[in-house]
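Below, chain A partners chain B and then partners chain C, in two separate complexes.
And now, the complex of A and B:
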């Protein structure tokens, strides 16, 4: 399936870009995607936390992915 | 009453205070977060904030609604800055009014503490010899 990735903060630096489209097989939910990200970009494993958002909200690892979904990578936040 | 905004221009504390003024208010607590010059002894030249704006607005609204419910607040205003900030500039302003002062102190502290944990906003500290995304690594 096709997933659109959007990255902010240090996640943008790790990915090397703000947005990219990826083609994935054998990825069903956000947990699978997180695993794929950490394998492809090992620097994600060094972060204090790694969250994923779909539909402008945090989602759990068991959130089912559909093709064309936009997933936003949320590294540790530091507002305020 | 909630007023949640993200600005790329300088924040105005009085705007937030004015929003939360209310005839039933007995107390108004205002938190102002500013850019500090030194981090662990290193001189900061400037900060760069970026946000995932639609979700940041939603998450700040969620926090304000939780505070509204728990402390029966009269009005809440949260304004967060993004972009490039110099030393001393305002990064965030949170104002809240309640009938009695204790609730406004507690609600304000809850909101800034939770904002720092959940709202998708990131800051990068720029030093003379490099830059770092704050709190990214353990």
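And now, the complex of A and C:
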């Protein structure tokens, strides 16, 4: 399936870009996508809390993904 | 019987533009006057939050900040000017707020928010606005608000981006909305997400995001409109892209007591394997021309601002540059404040069993304070 990834904050540095489309096989839910991201980009593991929103709503790992879904990576930021 | 809080004729005149809004009116203005808001951190976000809450007529504002005004703050902390450099932020902020609005009360706490004082302090206020600059304090503010049953109006900034949310909001039916830990159950590994000092921040960004934070505080107090509860606002000033993402409660999140937030965030404790050296000892070594290596792990733009003549190897590159680190004489590693250099030493020691690495305690900031007062600080 095709997933559109949108990255904010430090996730933008990790991916190297703000937005990208990825083609995935063997990925069914958000947990699978997290695993894929941590494998492709090991720095994601260091975020510890990898919060992902699908089509504008933050979802749990068992949330089923569909092709054309937009997944937003929300990293924590601490500046004030 | 305590005297009933009312709006004087002068206050009614001052707030007439609020009162003219049909949904707002005198009733909402009176709620603002009766409200007590604690602003944690009087920096980039704190500046607009404090100014707008004071201007709007929030009756009692608490400011907690241990820090002093520094020249490098003035690029974004618009509450201060050059005459305030070296002064307490909280005290200075109080003076400016009272000059802006004499009808309000301001209480200052020139200290850090800690697990010892957080609950007692937050208990005295109705709403908390979190404008701190580090993860341990953000989790502390969140947890203390959950325990004391207070709304936490959260905002955070990084480079061109900002986040805003209203956490622990009392919903109809008595349940509390999501909090910070529902969104980020665990803090990122230390050093993974740079602070504004390391990663940078566009000066106007806290103005934009802090104003939104003040707006949410006013909405929470007055009940006007719909607060940003259960939602996270994201803004990217570079692309002018905005998003509002729905967030929900995590049933596994249970907050019943405060913890050690430095531990929780994995901040290295002092007694760990990093040995330290003071700036005074460093100066003595320099004066005695002792043979040692000085490594500076800051970024090159920082090195260009001010340096101690060390070899520049930015933190992200130390592991790859391990061959450049001497193994048989003292190696003093430094950064701006001592945090990044401690991380660098731990990284190096995890690759090779160095015994000769010393962290410069307090970094360049300590050197400027103790040794060379004319040195530029940032």
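Going forward, the second predicted complex is superposed on the first by the 75 of 80 C-alpha atoms of A that agree within 3 Å, B and C clash if a C-alpha of one lies under 4 Å from a C-alpha of the other, contacts with A are read in each partner's own complex, and residues count from 1 in each chain.
Convention: a contact is a pair of C-beta atoms (placed from the backbone, for glycine too) under 8 Å apart; a residue touches a chain by one contact, two chains touch by 3 or more.
Nothing here was measured: the structure is a model prediction, and the numbers come from that model.
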Exercise. Of the two partner chains, chain B (first) and chain C (second), which one does A:10 touch, if any: first, second, both, or neither?
Worked result: both
Problem set entry | Contacts of A:31 with chain B and chain C, given as first, second, both or neither | neither
Exercise. On chain A, what residues does chain B touch that chain C touches as well?
Worked result: 8-10, 46-48, 53, 56-58, 72, 74-80
Problem set entry | Touching residues (chain side chain C, partner chain A) in the complex | 41, 43-46, 130-135, 138, 155-159, 161, 163, 183-189, 192-196, 199, 201, 206, 232, 234, 236, 239, 243-248
For this session: Write out the stretch or stretches of chain A touching chain B in their complex.
Result: 6, 8-10, 13, 46-48, 53, 56-58, 72, 74-80
Seminar exercise, completed: In the complex, the residues of chain A that touch chain C are 8-10, 18, 43, 46-49, 51, 53, 56-58, 72, 74-80
For this session: Sort out for me which residues of chain B touch chain A in the complex.
Result: 33, 49-52, 54-56, 58, 80, 91-92, 112, 115-124, 133-138
